[in-house]
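One chain, chain A, appears in both complexes that follow, with chain B as partner in the first and chain C in the second.
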Partner chain A sequence: MTTAIPAEAARPARTPRPTTTPPRRRPRRHRPSAWAYAAPALLVYTGFLVYPALQSVYLSLTSWDGITPDKEFVGLDNYRHLADDPVIGTAVRNNLLWTLVTILLPMLLGLALALALNSRLVRGRSFLRTVFYAPAVLPLVSVATIWGWLYNPTDGAINEALTTLGLEALTHAWLGDDSTALWATMVPAVWVRTGFPLLLYLAALQGIPRELHESAAMDGANAWQRFRHVTLPGLRPTNHIVLALSLIESFKVFDLIYALTYGGPGRSTQVLGTWMYFNVFQYYQSGYGAAIAVVITLVAVFVGIPYVLSQTKD
Partner chain B sequence: MAATIPASRTVRTVGASVALGLLGLVWFAPLLVLVTTALRTGADLASSGTISWPGSWTLDNFADAWKIGDFSTTYRNSLLIAVVKVPLGVAVSALLAYALAKLDLRFRRSVMFFVFLGLTVPLYIAIVPLFTMLRSVYLTDTLAGLLPAYLAFGIPFTTLVLHQFFRRVPDELIEAARIDGAGDFRIFWQFMLPLALPALVTVAILDTVATWNELLIALIMLSSPENSTLPLGMLNFSGAFSTNHTGLSAGILIAVVPILVLYALLQRWIVGGLTAGAVKG
Partner chain C sequence: MTMDRRRFLSGAAALAAALGTAGGLTACGGGRLQASPDRLSLFTYLDATQAPLLDQVLDSFRDESGITVRHDTLPGSGAALFPDKVRTQLLGARPPDLFMMWGGQIAAPFIDAGQIAALDEVYARHGWDELLNPAAVRDMTFDGHRYGLPGVIANLGCWYRTDLFERAGVSVPTSYDELEDVCDRIVASGVVPLATGGVYGWDPMRLFEYLLEITAGPELHDRLLVGEASWDRAEVRDAFGLFRKWVERKWVPEGFLGITPDVADSYLTQGTGAFLITGQWQEYTNNASGLDPELFGTFVLPTGHDVVRTSGWTEGFFLSKASPNGENAARLFDFLLTPPAQETFAGFRTPLTDLAPDPGELPLNARWLELGRRHPHYVIQDQAFPKDVSDAYFQIQSDIAQDNVSPRDAAARMQDAVTTWKEGQVR
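Here is the complex of A and B:
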């Protein structure tokens, strides 16, 4: 409420203090008509996001196949089944690994690039920023198609480049081998995701006053000390935002896995999102799929709450 | 990195610029090989490999890809959905953001929490009920059937960003307009929207990109090729062209070049919006 206070304080200043006008009893009057403005969005949001989400919670307690009208209530059976479904183990591990890598690498790369692009030494900074952010606007399906083609084991550009460099021993069926498939799907994710932290870090770096650096330099701080004690603290809020948004985003992974490996080879690259999709739309186990969705959502919402709270503060 | 010999500023400038430029080139390389591959003949690609300068040039790949990928249909559908969804989504979100920022909405904080929590909710949780809901009104496999979910999942972010901007409009301005006899809606229409124009453009662009790229809901809702959106068409297209790399490259370029051009032209707004949506810590 910090910003609301000066605004409120400004009002009485304009209304003359003397008794000609009665002082306002309630400085913040709730307007019932405000609901008319809020209603359209709230109705759509509640009707097509909140309500279906709650319905999924109910479905997760049934053995519904997704087709027949009858939904048998089975209590927590679907959740118990999660524990003995071997694919869930793979999917959870893959989700965690994927999340870790596709958050840390883009953050580190984004920070490094932002530091470089913030330096006055580099020419063409805005052009380079455009280049590094560009993959972020591409449809993930196209990104998957591009990388699927680059990874092609027989005539893909990656193996071709390795051969040209004399590293033929390293050529590989990147997506076809279950020891490399998951890692191979992370590369395009890093390619796509680096732009976002880059932009935010760049904005944050530009927000750190030059005088801070200059006075630190005058106090005899070297480049590393200035980075450590001026730059890094200035980036802390950005770290939190980037981390929160990337965490939410990474955990939802679907498009890249679906389009690049379809969860394969075997089931080695299944993540919770794709496994939920397969259960609902391939194996007609909607109830079980809903249980997977509930778990993904609980984790995502739980992780996201601090960010959401920070955004509701004034 | 400072050299022992005090390097002149020019040398360091050139060095740093070249190093980053090379990195940028590597970063962009996937898109560059896509261009050279799309512009050469299949025979030329087979004989010289992907990483080589084309020996012969052709535009035929684009014609093939356009026809077989049925891009006229998928482009039309994606455009149609974006043209309806984005203005509608921005409009309802702007009204909500206005109520939250300036109309002293009751339970304001709770409403904000409720709506912004939607940012964290994955699509997965809603798709099955959404599908059955729309099937019961015969809206599956129609473009209109995508709208409810697209709108609902777009509202949290758009409202968040617009709320940030609306808050910054000084209350004095609104009070003054009110004293002049302007009602809530006139204030919204004549003051808030024009003042927030940069924010409106930004959220509209970001929303367009998100709508344009959406796969999961389209994959579930749509089944006929004539209703396919661009990402869905791409999925089928990449299967059909899995052995024809020149055609595949041309198809990918058809799908991504317009959005890249749009991005290059409008990036100022995108950058502004992303940083505005994330400034508070």
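Here is the complex of A and C:
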């Protein structure tokens, strides 16, 4: 004989409902205040970003020379021309190389320096932190001027140093040779951009609880294992931020290339940013230049989405 | 007085709306220009040494005519940037009445776009053709119409260090063969002969156009520059071959493609380069260096042709077509051509044919005034071509310098660029 269990008893006990009344939603008439908060920023954003951006998209569909009042609509011709333009191929290749190198190297160097500066073994950490971050505050035109002197083929410090060290065979016209010019422009970029990840990584390292390292050590983890299983996971959010921001920054490269090589020798160091500039401002092909700008923007937005999403999530 | 949140928000929104409305009204109201009986605006690229000289002239003009000229300058912008600034101003709400600009293909896009007023009637009324250097008038002439008033003329020649020539045991060459020999002997003395910087392309271009003047001669050179003769020919290949020779024989700095022109120019004052191909402004640099002026000399590069020409260009004053102050502008132009105004502003680069300023501290400039009148100039290559064709040329020049391309292929590629230009399809 079975005993019937009352249905009520078979159910797990419910979490008792809170006795306090839930907060009432605000009356709808209060909502416009949110728009009032946002209005100044929205106006500025719309006037100085959205409108010019839409205007650029429109220009990219015209054959406007940048001077004539008339703008002839040509549809997608400018975008089709991207495929025929031999310099675009060079620029895209250069952009990809530049992006790869100027993201990875500063990240790795920044992390290595942050680890060193976070160690108690290193003395004068504040001073060194300032030294390593200093290049990041220099205007890029100044950086280009400095490195232009360093790279001077006849009396620049780099070739002079190589000669002094007995490595004269390695002296080279770094910026004057198609095969080395782009790489030579990356060196100052890495020099300038290492400070940013350094600071972020240093802050992140200082946010990892010391107890985690201590308990891992008590469990027998060696230095590499502690780095691999404690430090690196703790840096994951910082990696996302550094990577996303660096990616956008690298893809928009303009200043250093413009000031160091002007896209040369020939057109060997042209990137999308400089080629856009040349077309809009030098060749009177504003429509075509706008098409390049739209492509750069789309890539930057596409790349920036993960960053924005991660920020929203946080 | 206290301000609660709501009042703050209302105020912020009202302010933003007011700013937006004001901005819109400003933008809407800028379209019409009104004539001003006593004012003109002028936009130039003159630097701190030249702008005050022009300002002196403008002050004199104001005293005489009662017309005040507001002179805005963007020093240091150069031919690569200044045209874009002019473009922005012309498209803006308050374009300048007048602006300075280089001739040739730098001014041409503005004329093609209908932004510059023709001055044929003013030229005829004042008889300027009789007063001005014909080459300067030609540089301001487009499709048979006079569009600009010549301001200053530039002639490119060889500016050299007398002590370095002396040390190498050479003298001023009178033929191209002699110049090659001079270069070899300067190299042997441990100095770079021609200091040139390849970043931007235009500095070594001065060497190539000189070589092309030698191989092609004046008549063919002029036809090449306007695209009336094919570049895919022996004379052009020879010029590219000679250019390559200058690189191979180290008559230009090793790795010059990665040097900026200003760094290359400093070789002359530092004594590491024996000569430059440059213009009259070099004498100001020489004097500013603190070195003995006797250490510097200048000469016309020998071409071996009956008419020995130099490279050169004219910078002029242009009248915006939108300006309602054309008559005042014409009065200013006429004033600018008076001898006192020319002596003050243009000096030895005057486009007037009969002005003879006192040499003073600029004896080499005085010499070039005379040389420029005796030796006509061909239009410098980067002003003869649109910028995109010039840049196509610079790429070929770079490839020749690096031995990436043969002179034959270089000439063919150059013709391709010119053909595309002439077909109006160059991008």
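To be clear about the criterion, the second predicted complex is superposed on the first by the 279 of 314 C-alpha atoms of A that agree within 3 Å, B and C clash if a C-alpha of one lies under 4 Å from a C-alpha of the other, contacts with A are read in each partner's own complex, and residues count from 1 in each chain.
Definition applied: contacts are C-beta pairs under 8 Å (C-beta built on N, C-alpha and C of every residue); 3 or more make two chains touch, one makes a residue touch a chain.
What you see is a predicted model, and the numbers here were worked out from it, not measured in a lab.
Undergrad: Taking chain A as the common reference for superposition, should the pair chain B and chain C be classed as clashing or as fitting?
TA: Because the two structures are overlaid on the shared chain, the partners are seen to clash.
Undergrad: A:Gly47 contacts which: chain B (first), chain C (second), both, neither?
TA: both
Undergrad: For A:Ile241, select first, second, both or neither according to whether it touches chain B, chain C, the two together, or no partner.
TA: A:Ile241 sits against chain B, while chain C stays out of touch.
Undergrad: Based on the superposed arrangement, let me know which partner A:Ala290 touches: chain B (first), chain C (second), both, or neither?
TA: Only chain B; A:Ala290 stays clear of chain C.
Undergrad: Look at A:Ala173 in the shared chain and tell me whether it touches chain B only, chain C only, both, or neither; answer first, second, both or neither.
TA: second
Undergrad: First (chain B), second (chain C), both or neither: which does A:Ser215 touch?
TA: neither
Undergrad: Can you tell me whether chain B or chain C touches more residues on chain A?
TA: B
Undergrad: Using the touch definition from the top, say if A:Ser33 reaches chain B (first), chain C (second), both or neither.
TA: So A:Ser33 meets both chain B and chain C here.
Undergrad: Tell me which partner A:Leu59 touches in the superposition: chain B (first), chain C (second), both or neither.
TA: In the superposition, A:Leu59 touches chain B alone.
Undergrad: Check whether A:Gln225 is in contact with chain B, with chain C, with both or with neither, and answer first, second, both or neither.
TA: Touch partners of A:Gln225: none, neither chain B nor chain C.
Undergrad: Between 169-177, 205-213, 241-249 or 259-267, work out which stretch of chain C sticks into chain B after superposition.
TA: Only 259-267 shows clashing C-alpha atoms.
Undergrad: Just which bits of chain A does chain B share with chain C as contact spots?
TA: Overlap of chain B and chain C footprints on chain A: residues 33, 37, 40, 47, 66, 148-149, 152, 155, 281.
Undergrad: Quick one: which bits of chain A touch chain B in the complex? Just the residue numbers, please.
TA: Those in contact with chain B are residues 3, 7, 10-11, 14, 28-35, 37-38, 40-42, 44-45, 47-53, 55-56, 59, 66, 113, 116-117, 119, 121-124, 128, 130-135, 137-142, 144-150, 152, 155-157, 160-161, 164, 191, 196, 199-200, 203, 223, 236-238, 240-242, 245, 248, 251-252, 254-255, 258-259, 273, 276-277, 280-281, 286, 289-290, 292-294, 296-297, 300-301, 303-305, 307-314.
Undergrad: For chain B, which residues count as touching chain A in their complex?
TA: 2, 9, 12-13, 16-17, 20-21, 23-24, 27-28, 30-31, 33-34, 46, 49-51, 92-93, 95-96, 98-100, 103-106, 109, 111-113, 115-130, 133, 148-149, 151-153, 155-156, 159-160, 167, 171-172, 175, 184, 188, 209, 212-213, 215-216, 220, 230-232, 234-235, 237-238, 245, 248-249, 252, 255-256, 259-260, 263-264, 267, 270-271, 274-275, 278-281
Undergrad: Going by the contact rule at the top, pick out the chain A residues touching chain C in the complex.
TA: Within the complex, chain A contacts chain C at residues 33, 36-37, 39-40, 43, 47, 65-68, 81, 85, 148-149, 151-155, 172-178, 181, 184, 261-262, 264-268, 278-279, 281-285, 288.
Undergrad: For the complex, which residues does chain C have touching chain A?
TA: Counting only chain C, the residues touching chain A are 5-6, 9-10, 12-13, 15-17, 19-20, 23, 80-81, 84, 87, 90-91, 109-110, 112-115, 192, 198-201, 253-260, 263, 272, 386-388, 391, 394-399, 401-402, 404, 426-427.
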